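To keep things simple, chains are lettered A, B, C, D, E and F as they appear, and every chain counts its residues starting from 1.
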Amino acid sequence: MMIIDTLTSPVILFFVLGFVAAALKSDLSIPEAFAKAMSIYLMAAIGLKGGVEVANSGVTAEVAAAALAGLALSFLLPVIAFALLRQFGGLSKVDAGAVAAHYGSVSVVTFVTAKEILTGQGLGPAGYMVAVLALMETPAIISGLMLARRGDKDASEKSSTPWHEVLTNASVMILVGSFIIGIVAGSDGFAPIKPLFDTGFRGVLCLFLLDMGLIAARRLMQSRKMNLRLVSLAIVIPSLNGAIGTFVGTLVGLDVASAATLGILAASASYIAVPAAMRLALPKADPGIYLSMSLGVTFPFNIIFGISIFAAFAKAIG
Amino acid sequence: MIQTVSRKRIEILVDTPLVPRVVAQLKAVDISGWSVIHVDSGGGRAGEWQDDDVTGASAKTIVLAIASETKTSGLIEAIAPLLDSYGMLLTIGDVQVLRGERF
Amino acid sequence: MMIIDTLTSPVILFFVLGFVAAALKSDLSIPEAFAKAMSIYLMAAIGLKGGVEVANSGVTAEVAAAALAGLALSFLLPVIAFALLRQFGGLSKVDAGAVAAHYGSVSVVTFVTAKEILTGQGLGPAGYMVAVLALMETPAIISGLMLARRGDKDASEKSSTPWHEVLTNASVMILVGSFIIGIVAGSDGFAPIKPLFDTGFRGVLCLFLLDMGLIAARRLMQSRKMNLRLVSLAIVIPSLNGAIGTFVGTLVGLDVASAATLGILAASASYIAVPAAMRLALPKADPGIYLSMSLGVTFPFNIIFGISIFAAFAKAIG
Amino acid sequence: MMIIDTLTSPVILFFVLGFVAAALKSDLSIPEAFAKAMSIYLMAAIGLKGGVEVANSGVTAEVAAAALAGLALSFLLPVIAFALLRQFGGLSKVDAGAVAAHYGSVSVVTFVTAKEILTGQGLGPAGYMVAVLALMETPAIISGLMLARRGDKDASEKSSTPWHEVLTNASVMILVGSFIIGIVAGSDGFAPIKPLFDTGFRGVLCLFLLDMGLIAARRLMQSRKMNLRLVSLAIVIPSLNGAIGTFVGTLVGLDVASAATLGILAASASYIAVPAAMRLALPKADPGIYLSMSLGVTFPFNIIFGISIFAAFAKAIG
Amino acid sequence: MIQTVSRKRIEILVDTPLVPRVVAQLKAVDISGWSVIHVDSGGGRAGEWQDDDVTGASAKTIVLAIASETKTSGLIEAIAPLLDSYGMLLTIGDVQVLRGERF
Amino acid sequence: MIQTVSRKRIEILVDTPLVPRVVAQLKAVDISGWSVIHVDSGGGRAGEWQDDDVTGASAKTIVLAIASETKTSGLIEAIAPLLDSYGMLLTIGDVQVLRGERF
């Protein structure tokens, strides 16, 4: 029933429209600059709203627990993914490390979509989950690089970890920055800018997911690097990660909605910050593999099924 | 008549996230000027692509630099080992320039 | 009186501003990416709103009548236009066919502007007219190509009809797609995205028409292909088509507002889908002619005069 | 106290976020097309709102006084700036003239931000100040050119004053155009487009100032032309101009808020219309100097301190 | 020293809607890589234009391809008849490339 | 075989606000076609820059023109005095073109 609600939500239907249009090889495309503008808008909006909520609720022990759980998940999930990608996926160490980093990190749009869908079903996650989202972006990059380079002496020479790029990447800056602005401004300061950042939010998300549908389908069709094993892993890994995330969230005492959201964060795979970091730090890893898996398979899977699955799981064990 | 001199026109097609690395290489061999041109889409052995700017990682860019022959040779030496892993394509053409002392 | 209302509406005034700015050779320009984003937004918005209205009203005999009338007009109007363009305009068969296809097809922005102006005057067309709009986009392409190639053996060799491009072109995909999403979502599903797609609509239309004013005036000034005969035809053909369309709409039993809208659709000339299709299917036709006529003359004529004229005509005969 | 209000306003905090992100060398950037679209939107919005207010209030003697004061300031302020730039700054005549023109002209975004901040503090300036803003854009260009060319015979040969570009530049067209549209449309005509142009305004301003923060900081860091004297002048000149502007405004009988706004206009330095005009008319002037001063130093100074300072001054003498 | 080889740098200026046709021609003569560069505006015998992206039909694009001399000849043969109706402009220059076996 | 002829490929990197001036120079020496390509960013002796499009004054653009040798010489004569104050960079390469009578 919940999945039906999800599938008839305009947000998801626009994603499907984009996917279908690209599959039909339509020339429909969203201008890049507009897509990037929407992604900045969406991040600023969730950062602000999260900050305002935290300004209202204050920082509690639950917040600390969620933050630690998120950090730990982002650090450790790549280890499992790496093993699966090496054994079952047959990837080289470098490729497996790069892909694993994607699965440990998170997808902002998956988070945003989940927040909208869950809120629409009366299951809105806590405001501080935005901070957890931001915290989970980078640790996985470090574990992924460590996995890729383990026992490899000349790896650390030329291509050292791009710390600076990773810590100041655009999505971290804007998420953290607008989260802090939200805290400083509070409800009163937020009121005059609320019409743009709150009222218009869902509509923009529709158009953004239209674009993501186009991008995901095109990536899938144009890739020459995918095989059945990799496609399966791009579904198995998020399912596993999502289950672990939801479980950990429930364990550390989060409410049902926030535990489900932690599961969705764990299940989601980065396709913005991590690919850029991997291109810099592991230039020998093949972008065709990590982008096709995270964007072409895992993203659609999470949007259409994952959100409902982990929400149901969180309710069952919550 | 106005004097022109021969220089090399270097065109480097490279993954957008790696542009700073390429620029660093240019500076390392003392090529002090460059211009960056956006590439919209393309295709090659690894399939076709369009810039989507959301996942910037797969977009390509052209770094254009005019330089003397000596500096160009230096650049080739420095950049050749990176060509494969950086997914680069490097072409060098001959051009005449005005105010050649700048390059 | 109605024309005064139209001419003092901000929507039209922004079009005039753009036209004047370009005529004064100002460097004012709207970034392409933003203009394209606005056009996607406008199409998604009218598709959604049309779909929601149809979800509320259901499909009636009137809908079927309007759809059939629209299809027939799009197929047949190019024949009249072709004859006029050959005889009076002195165009070659290929050029006349290409131009005729533009006049059989429709302009989405003319439709949207008409809908806004008429609604503002209490004459809002039925929701299903969006579907009629989408149906009228393509048939004219086929008749135009047939007219251009009649009796020409080697025409069909190299440049066959680009069926695929025509049927999956961006505007068809997004109009039809969001129309269906509107039907599926209904009023309830539309509510959360209404702020973006409904409330902001007229304002975006203003900025978009500002850009259209710039484009139309520049096209007119930069073209070297226009002559007095072609300019006259770019006014005569839409006047004729609009009268026929309004008449047919009244004949098949549409309400006054919808009949007027059918007239405006018939009068409007495509400048997005059809030019792209003609460039592919009739590369020998001169784009300077068809774009200057449809965009430089007919579009401004319809926006400023046509809408009021066909509305008055529909009232008179309705 | 007022400065604290200013510094915790989201509008200013987003500017600071952009500034900090660029200072940290983050890769955060706003797509150019989107930034330009926002600037067009902001100008259309303030033009419209100003026009509607004037339609309601009518044209009074006060309006004429403000207009004359603005014109005089724009013409004369460059003379003082020129002297300072020559004597203390050590600039060549051409460079000093170009920079002086920037300080006589105005910054639209500084005006918009001041209007928002002041209105939020119950000090909203009169609607006609938009017209004053538009009037002050160009006279300074003429004085700047005259100062740069005085006693220079061959200056007037090749590079004559680009009258046409100056008078039809994009910001003048859109400000004046939408101001007139606002007057014609009035409150009633404005109502349907108000949701876009009024409700969303502050939010867009946040995102735009985020971009301005990035641009200002990058300009400051990438410039090789700035020295301590020029940086000081980029604070001294606006302080002086602002004081003069506020004083003149009070003198000619403007209300406190409008006098403060005239001060801010006088203090602000152009970084759109004037640089383009100077590039054409004085190609030998170094853009690195005038852009770094106006954009890298004066703009942040005015946004963060100037607005509060001149408002306080206007209250004190008002 | 690192070895460079001579290749042709083909630049095709073409109406944007016709890019897929040009790419098809490239593939037909076995040129397997290309890059697409956006052109903002221009002018010629048919007047001046700016890309407006709303009516994409009149915008121009540059298709850039590096290829061997043989393949380039093949392309010229194939594409010459289309130049006029496609509104194309085709230039061929000489460049040195690294990893020449790719082209 | 299809006939190609030799022409010059002129590339002028110039501050965006000055493009109309460059085009006027091209027309003055009877070069009737040109194309404008957007440059995203770059660096040189005066520091680095990115196009921000808000303050368009510092952005750069490439004006590309194909012309005969004679017209190219004319252009060089005409444009050389402006190179410094216009912040221009001008390169000239050799290309083969089809339909050479057009240029």
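The rule is short, and it goes like this: a contact is a pair of C-beta atoms (placed from the backbone, for glycine too) under 8 Å apart; a residue touches a chain by one contact, two chains touch by 3 or more.
Here's who's who by UniProt: A, C, D = Sodium-dependent bicarbonate transport family permease; B, E, F = Nitrogen regulatory protein P-II.
Note that the structure is predicted; figures quoted are calculated from it, not measured.
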Every chain in contact with both subunit A and subunit C is listed here as D
Min route length, chain touch network, subunit D to subunit E, equals 2
Taking each chain's centre as the mean of its CA atoms, the one lying farthest from the centre of subunit B is chain C
The larger set of C-beta contacts, choosing between C-D and C-E, lies at C-D
Residue numbers at the subunit B-subunit F contact, same meaning over half shared and different meaning under half, come out as different
In whole angstrom, the CA-centroid distance of subunit D from subunit F equals 33
Whole-angstrom distance, CA centroid of subunit A to CA centroid of subunit F, is 45
Chain-centre distance (mean CA atoms) for subunit B and subunit D, in whole Å, is 39
Multi-chain touching residues of subunit C, meaning two or more other chains, are 29, 31-34, 36, 199-200, 276
Where subunit F touches two or more other chains at once, the residues are 37-38, 53, 93-94
Every chain pair meeting the touch definition is listed as A-B, A-C, A-D, B-E, B-F, C-D, C-E, D-F, E-F
Subunit C residues touching subunit D in their complex are 8-11, 13-14, 17, 20-21, 24-34, 120, 199-200, 202-204, 206-207, 210
Subunit C partner, complex, touching residues on subunit D are 31-34, 36-37, 40-41, 44, 48, 164-165, 168-170, 173-174, 177-178, 181, 184-185, 189-190, 192-197, 199-200, 276
The residues of subunit F that touch subunit D in their complex are 15, 17-18, 21, 46-58, 82, 85-87
Per the touch rule above, subunit B residues touching subunit F in the complex are 1-2, 4, 7, 9, 23, 32-38, 61, 66, 93-99, 102
Listed in rising order, subunit C residues that touch subunit E in their complex are 29, 32-33, 35-36, 39, 211-212, 215, 218, 222-225, 271-272, 275-276, 278-280, 283-284, 287-288, 291, 295
